[in-house]
Amino acid sequence: MHKQRGEKLWYIPDGYIPELSSGNLTSHESICVVNTASEDALLKITIFFEDREPMEDIMVVVSARRTKHIRTSSLHIEGVPIPVGVPYAIEVLSDIPIIVQYSRLDSTQAENALMSVMAYPIKSER
Amino acid sequence: MHKQRGEKLWYIPDGYIPELSSGNLTSHESICVVNTASEDALLKITIFFEDREPMEDIMVVVSARRTKHIRTSSLHIEGVPIPVGVPYAIEVLSDIPIIVQYSRLDSTQAENALMSVMAYPIKSER
Amino acid sequence: MHKQRGEKLWYIPDGYIPELSSGNLTSHESICVVNTASEDALLKITIFFEDREPMEDIMVVVSARRTKHIRTSSLHIEGVPIPVGVPYAIEVLSDIPIIVQYSRLDSTQAENALMSVMAYPIKSER
Amino acid sequence: MHKQRGEKLWYIPDGYIPELSSGNLTSHESICVVNTASEDALLKITIFFEDREPMEDIMVVVSARRTKHIRTSSLHIEGVPIPVGVPYAIEVLSDIPIIVQYSRLDSTQAENALMSVMAYPIKSER
């Protein structure tokens, strides 16, 4: 059995899907997860906005001993995606410990720009 | 009732508002906050400089179950904003736990550059 | 004797070796390690993928009182390198405490883009 | 009396002073420190290399209730600066708690690229 590593609850306050792309690369964000354990991780993702109610409990599975780089543009609730060009924040809740990083590629202008942060972990009471 | 998450006191040592913009995007910084709780968060922001007294206690509200991406250029005390082109540092103090990330878009040159960090949390004594 | 600093186990969920380069700089990633101790550190690096079994236990030595900026393109198992253009995640396990940062230079388009994160440390039971 | 905040010992594994600049901005790195306390902070900075002995105990003062954004190109021991184009790592030791962030602007190519990380803190035994 491989050990579970990380935490079950993570936050990324600065989410934003750029409206435009140019050049060879498409603007996008990724929520990058690694699951080191021998069992699958079931994630519930919640999206917070500035001016409306949260989108709650978008479900994603990350398989045992695998990584998953989740495009935020692929997330939706009953076919409704996260709106582009709108500031939001991300909560990632998992049933087992995982590790979460967030990266954004912005190609609004001709050349691309990159940013990345480790998500902020909430330590479980142990 | 939704749980409070994060910490009440956060620091960002590298603040800087670029003087110039070019291309389609305006240079700017954002202090990105998420408030997961069922009550509003009242923030007091303090700005530290290299060569003068701090600007203290700029007030911002982040509503319950919302995020707020605060442009630093919007912060002011009695109409006096943070000066551009000057190194500074940021303290964010909240009355309830929140999570804070800092991002900068620099479009001084024709193409944009991005950077982002999770702010540094000071753990409350509990 | 110089003190050991940091942790023995670190994770970077967002690994990616760009396929293309242009301009003066080659796209690359680096796992940057500092070993503050008076003895060498022996690292075992494991690579996790989205759709295949992990590459396990790639060995790297970081000498006493030295840093090492490890190009991920230099890592291999029996001559097989990490594939380019594929999302992956990185585990760094060391026999003594170290500190680990991850940086990526992407020059897919004419101008370069940079991102960097401190790796996520797993605290040893002490 | 204003409270001390942060930690006394911080690490940045990925240091690098670009050799070239182009366009309007000069490539540079900054070690950004904020000192929230009512007394000055005395820093000793040590630089680790891949292939030679460390440069130890470069002294810097950060005044009470001030920030300082320290250009690494300004650091030297008896007139000898940190070499450009060479990978290195940074240790920042302070006599009182501070908070440390590291940022790099790379303008090797025509447009600038930015990266930033919070330095890695070593928690004091308390």
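Just so it is clear, A, B, C and D label the chains in written order, and each chain counts residues from 1 on its own.
In this text, a residue touches a chain if its C-beta (ideal position, glycine included) is under 8 Å from a C-beta of that chain, and two chains touch if they have at least 3 such contacts.
Each chain and its UniProt protein: A, B, C, D = Sensory rhodopsin transducer.
This structure is a prediction, so every number in the text was calculated from the model and none was measured.
Common neighbours of chain A and chain D, listed by label, are B, C. Chain centres computed from CA atoms place D at the largest separation from chain A. Two copies of one chain, chain A and chain C, form a contact in which under half of the residue numbers belong to both partners. Mean C-alpha positions place chain B and chain C at a centre distance of 31 Å. Centre-to-centre separation between chain C and chain D, using Cα means, comes to 22 Å. Residue positions of chain C touching 2 or more other chains, listed in rising order: 110-111, 113-118. Chain B meets chain D in the complex at residues 9, 11-16, 48-51, 53-54, 87-89, 91, 104, 106, 108-111, 113-120, 122.
Chain A contributes residues 5-6, 23-25, 30, 32-34, 36, 65-69, 99-101, 103, 105, 107, 110-118, 121 to its touches with chain C in the complex.
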